[in-house]
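Order as written gives the chain letters A, B, C and D; numbering starts at 1 within each chain.
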Amino acid sequence: MTLAAAASTTSTGEAVQFWILATVAVIGALGTILMRKAVHSALCLAGTMIVLAIFYLANGAYFLGVVQIVVYTGAIMMLFLFVVMLVGVTAADSLKETLKGQRWLAALCGLGFGILLCAGIGNASLKSFNGLGQANSGGNVEGLAALIFTKYVFAFEITGALLITAAVGAMVLTHRERTERALSQREQSERRVRGGKQVPPLPAPGVYARHNAVDIPGLLPDGTPSELTVSATLRGRGQVRDVSGEALADLAALEQRSARWLGRDAKGGKGAKDPKGADRREGGGGADQAGDPGDDPAGAGHPEDSKGVAK
Amino acid sequence: MNPVNYLYLSALLFTIGAAGVLIRRNAIVLFMCVELMLNACNLAFVTFSRMHGNLDGQIIAFFTMVVAAAEVVVGLAIIVTVFRSRHSASVDDASLMKL
Amino acid sequence: MENLIGLLVAAPLLGAALLLCGGRRLDGKGHLLGTALAVASFVIGAVLFADMLGRDEHDRALHSHLFSWIPVGGFRADVAFQLDQLSMTFVLLITGVGSLIHIYSIGYMEHDERRRRFFGYLNLFLAAMLLLVLADNYLLLYVGWEGVGLASYLLIGFWQHKPSAATAAKKAFIVNRVGDVGLSIAIMLMFTTFGTFAFAPVLSHATDASEGKLTAIGLMLLLAACGKSAQVPLQSWLGDAMEGPTPVSALIHAATMVTAGVYLITRSGAIFNAAPDAQTAVVTVGAVTLLFGAIVGCAKDDIKKALAGSTMSQIGYMILAAGLGPIGYVFAIMHLVTHGFFKAGLFLGAGSVMHAMNDEVDMRKYGGLRKYMPVTFVTFGLGYLAIIGFPGLSGFWSKDKIIEAAFAKGGTEGWILGGVALLGAAITAYYMTRVMLLTFFGEKRWGTTPSPEEPSAEPAAETAGAHAEPHPHESPKSMTIPMIVLAFGSVFAGGLFSLNDAFLKWLEPVTSHSHGDSPIGAATVTAGTMVVLLVGVGLAWAQYGRRPVPRTAPRGSLLTRAARRDLLQDDFNHVVLVKPGQYLTRGLVYVDHKLVDGVVNGTAASVGGLSGRLRKLQNGYARSYAVGMFAGTAALIAATLLMRAV
Amino acid sequence: MSFPLLTVTAAVPALGAVATAAVPAAKRSAAKWVALGFSLATLVLAAIVLVRFNPDGAHYQLTESHAWIKDFGVRYELGVDGIAVALIALTAVLIPFIILAGWHDADPLEEARPNRRWRPTQGFFALILMVEAMVVISFEATDVFLFYIFFEAMLIPMYFLIGGFGDRAGGRSEEETATQRSYAAVKFLLYNLAGGLIMLAAVVGLYAVTADDLGTGTFSLQQITDARAAGTLDFATGTERLLFLGFFFAFAVKAPLWPLHTWLPNAMGEATAPVAVLITAVVDKVGTFAMLRFCLQLFPEASKWATPAILVLALISIIYGALLAVGQRDIKRLVAYASISHFGFIILGIFAMTTQGQGGATLYMVNHGISTAALMLVAGFLISRRGSRLIADYGGVQKVAPVLAGTFLIGGLATLSLPGLAPFVSEFLVLVGTFSRYPAIGVIATVGIVLAALYVLVLYQRTMTGPVKAEVRGMPDLKVRELVVVAPLIALLIFLGVYPKPLTDIVNPAVDHTLSVVDKKDPKPEHPVTDAGWFRYSPTHDGASGGAK
């Protein structure tokens, strides 16, 4: 970057870089405050920060630039994302304003503030500037270090203390005192028995004779499927397949083939349709809980995977 | 170009951040906006240090970062706690000052 | 000798202190103690009198300076006594009559459970009255002045359970207070004029001051005198004051206290002499009151009220005389003394009658008492003759001189005053004869029991037989003896005084005397007096002596009815002073509550409302506070920019 | 540095307050005795001050002076002149009686509260002593700032005394009494705070002015008066008037002067009788005292400038207060309005700017304190017996409780300033002093005398005389404790009425000094009597300010 002693302007390269990245930064900032999902805001902010890091570098603050990327974008923003996840990614607050006139006021203030600020900068006489030539001559980091440990040593120490305090504070704040003693395993098991819950593991799904897919309920000795064997999620989605009817379907298919083999075309056309019908019925069977097998969107979705299974 | 543009940029960012603080309800986003404002200040500091040709500005920016870090840590901790107690991160829900 | 003067006051004061603070243990013998101390102070007075007679008549005055009372800047008030002939006259009158009435009260108040306190009050009165006449400066006189007022307040309201008594007492005190204001203003005027208010310097240098000042002082003194001596326009309290026990009426409201006004004017003679206008005012007041009291006295059926009216008018005589200046002072005092005797005697007689009649005061329910209570009859009769000025008795000497002096004033004024005085004499003869006839002559009208709702001025000392059949009986010795003594006084005092003008010579050094000879000779005046006297008596006899008297008063003429209501004075005060006063106070209470207080509370309320409105900004939303902060920052920046711009 | 007598005199009651408050909850009576003891100790100290004070000596005596806040020239300066001594004595005398009179006022209604922190009695007496300490030190302070601090701090304990320990005998429902009481307390506080704030502004202004003229700002009364005398310090007319008004407003609220009086009736009506006495007899005196010490001595010119207006206000207070007293139906409010009238007299005397006027005003402060105490305390005893403050609820008490009635009457007679009782001396002096300079005002003021007779006697007649009312029947007469309270007060009234010389001797030099500061001479009589007459010899006449101590 430029090391001009005292100049009134910077290199064109920097100018170009500035104008490109500045737009990015502003867009990022706007995104931060306008995105509905906190995650997106965080990401936009991270973008802006990276751009700022580059600007630091451009301004000869190499150390800060790096710190900005590593600590800020790296650590702090991640912390943000972490908390966002903790709180819930889907927590997208509606941008509909509850406070009356808040948004207008905000816009007004923001506008006025910005204009005033710019005005202030504008009428400050900042025509010329002297770069960090000799300041950074001994190396930027060394320069900072020299200052921190001499002139700003107390401030430095105090910030150290502040950080420790912050860490402790965070722990204290988030720490949750457990009120009652933790139950031993024995107690837990006893409680489970008393509660009349299912004591042994749940039965596994699938009928090992022909199927071991998790969405196939196991059959009880009397041949009826057992709901317990299918995971609650699938049950909730209604994706439990009933295979109790498949044996007959296969038998019918066999007859079709043998019939075609005996050369009865007309029937064959019909028979060619039949397995599909059977398929549909299977699908229907699968969607039985969903009710009417005929025009069922869920059923419509099933054939392919049911076919896949059939293969 | 004159580095004063950096200052204009920082002013702009700061204002945007501030506006964000005013319009967003989600505490986390609020924090992000605050961070944005801090960063804007940092940019200004850095630019100043360049203009004056000494590193004090950078030092200040550095301290700002440290403080910001501390603040974020505590602030987020608070948010989490609040979220636990009342399942929301909206600052408007915490309008307890009004009886 | 000087030290005795202090003792003179101290004795009754001590008695008052002992009796009032002594508590129950003194109930038994307290009254005797009080009487003893009163007599003691009389004895002291007598001793001093003897001593005074012993000295040359021009330095008879004694002076004893006790201590400096209020020394502030140029303002020097001392507690110092001055005993000259004038004071001495009063001392003897006060202590003498006072002692007699103490003795009388022993019998009269025998059955009252609060007798100890009664005697305490009497002693207090004696002390205050003596202080009044012995003071050597006006401020100390003022102390005595209000002291007697207090004593009279306490004694009028002695039967406090009677609302009427309490009211009368309050009225007396307040009306007197009005007069006292006059006295205090007079003192202030003296202070600003002479830089002192002790008798000797003020009176000896009175002529230095401008006549205007002196007139002002004089009028103020007159106001004071009106208050204390129940002169028009401040006379209204005396009639009600009869609510008090009869001895009180005799001592305070007949013999001594009410004459303080005369003392004041006579004492301040030097001032009045130099202020003719003030004198005119004095004589006018005197003349008016003279007739006023007389007329009231004619209409009253309550024996004490009738006597009160007569007191008023007799004091009117004295004031009139005092207003005449040097030609009158001596006679004013002389009449004062004689009046002290016979009026006290009359009141004691009345008391004795009421005592016998179960505290019945309505003369229309008396009659024919002469054979039941001879002593009372005789003493009362002598008093009666004295007051109407029967030749040879005290009243004759004093009143005659006054009338003569009135004529001697000269000019139309003299004629008017003389005429008034004569007329007064006639009316006096009339109403006193009326009292006499109604009470002691005619057939008895008290046979049947009076109806219970009959207003009884004196509450039952023994409530038991209050309304029982009255059994008129002569009063005990303790009561009759004082009456007899006073009767002697009322018979011979005047004569003794007039023996080669003894009294005149006696007082002359103090109250300078200039003999004024009336345009019509003294003899003519005397003759005239006799004539009007006879007329008055005759009228009274014609009206009450010949015909039987109805038990209930006839409606009577307009004047009579007015006179019964004290010539509407109370109604006047009520309409002119009391009612407006009540409205004023009520109005002010309202104003204070609504206006003065309202302004304050109003501001408070408005502030509260404003803050309530501001409170709405505190909606509790952090973000709206943030807006405020943000706007504030913006404003600050704007401010700084502007600063730098200019 | 000699023994700091004045500091100790103020410190002892403060210590007493702490000690009393520290007494454990269970030992209520102990607290009372502790408080009484300390108040008596204060009395002894005040007596020592009285003895050590030499009327003919320097104007401020027993002075103490230490730098306090150097940056603002605030000093801890104490010193007493005759006026202050008299008022300190008054305070020290009254407080023990107030404590005795309020012996049972603060006993908790229900016995044996579980809460061990509940100790109203301790609080009550501690607060009273606290007030005493503050009053005493504000009488002693010769540093404006020091005075201001305690002048204001006084409000806090008073506020709690009024609001916390109201009159239980309101004859009204409990909550109404409570609301009334808090209203009264808040009103008291707001009025006086408002006055105080305005005064604060004036105090700061004073500092600014002195800082301008003297280089270093000061609050020291002595310094300022000296500087004025030396001419190194002179206020601009406008400034002086503004500052004067700032000070005077505060004192007029405290005094209270019409139309700033309305807090007094509420406060005295709702507070218990002893507290009412504390308000009117002790605390309010600070206001009038401060007028004498600060208004006149700091701003003589402005005082003269404002005199006519103030005199008129005082006159209004006299008549207005008396008339309203006549119109009251509540005994305590009646006494309150009577006090307003009396304060009118005091202020009249102060601003008449004559020896008699100011001397009389000072005496008036003392005498009014004693007489009001006597009347109000007896009224309190009466009220505590019947449980009502309404005059109409009484009648014929004289028959049942003669001693009570008698003392009540004497208190009343003192209030109407009967000659022979102390108030007469002061009232007459005030009137004469006023009259000698402003005859018209003096004459109008005498109307107050008549009205006083009216309201006192009407009160006495309605409560004490007449037929005995059923509720009054069987009312006990004064107990020993109550007699111990009343008798000395009455004795004092009589003594000071007959022989006020000791007091006047102390007060006169101070008054003369004040007048010399204000630079006003008594008007000369028109025809002064040169030879005092043949009996005017008397040793005590020349130099009446001489002996008698």
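Criterion: a residue touches a chain if its C-beta (ideal position, glycine included) is under 8 Å from a C-beta of that chain, and two chains touch if they have at least 3 such contacts.
Keep in mind the model is a prediction, meaning the values are calculated, not measured.
Q: When contacts are scored as defined above, which chain pair ends up with more C-beta pairs, A-B or A-C?
A: A-B
Q: Could you give the separation in Å between the centres of subunit A and subunit B, each centre being the mean of its C-alpha atoms?
A: The answer is 24 Å.
Q: Return the distance between the CA-based centres of subunit B and subunit D, expressed in whole Å.
A: 62
Q: Can you work out the whole-Å distance between the CA centroids of subunit A and subunit C?
A: Comparing mean C-alpha positions, subunit C is 111 Å from subunit A.
Q: Between subunit B and subunit C, what's the gap in Å when you average each chain's C-alpha atoms?
A: 95
Q: On subunit C, where are the residues touching two or more other chains?
A: Within subunit C, the residues that touch at least two other chains are 619, 621, 623, 627, 630.
Q: Among all residues of subunit A, which ones touch two or more of the remaining chains?
A: Within subunit A, the residues that touch at least two other chains are 99, 102, 105-106, 109-110, 113, 117.
Q: Quick check on subunit B: which residues sit in contact with 2+ other chains?
A: Only 18, 22-23, 25, 92 qualify.
Q: Taking the top-of-page definition of touch, could you list the pairs of chains it picks out?
A: Result of the pairwise touch check is A-B, A-C, B-C, C-D.
Q: Within the complex, which stretch of subunit B touches subunit A?
A: Against subunit A, subunit B makes touches at 1-9, 11-20, 22-26, 28-29, 31-33, 35-36, 39, 42-43, 46-47, 49-56, 58-59, 61-63, 65-74, 76-81, 83-84, 89-90, 92.
Q: Residue numbers of subunit C touching subunit B in their complex, please.
A: 618-623, 626-627, 630
Q: Give the list of subunit D residues in touch with subunit C in this complex.
A: For subunit D paired with subunit C, touching residues are 187, 190-191, 259, 261-262, 320, 323-324, 326-328, 354-356, 359-360, 396, 398-399, 402, 406, 413, 418-420, 424-425, 428-429, 431-432, 435-436, 439, 442-443, 446-447, 449-450, 453-454, 457-458, 461, 464-468, 498-501, 504-505, 508, 511-512, 522-529, 531-538, 540-541, 544-545.
Q: If we count contacts the way the header does, which residues on subunit A are in touch with subunit B in the complex?
A: Counting only subunit A, the residues touching subunit B are 6, 8-10, 14-15, 18, 22, 25-26, 29-30, 32-33, 38, 41-42, 45, 48-49, 52, 55-56, 59-61, 63-64, 67-68, 71-72, 75-76, 79-80, 83-84, 86-87, 91, 93, 95, 97-99, 102-103, 105-107, 109-110, 113-114, 117-118, 121, 126-127, 129-136, 140, 143-144, 147-148, 151-152, 155-156, 159, 162-163, 165-167, 169-171, 173-174, 176.
Q: Name, in rising order, each residue of subunit A that touches subunit C in their complex.
A: The touching residues are 99, 102, 105-106, 109-110, 112-113, 116-117, 119-120, 123.
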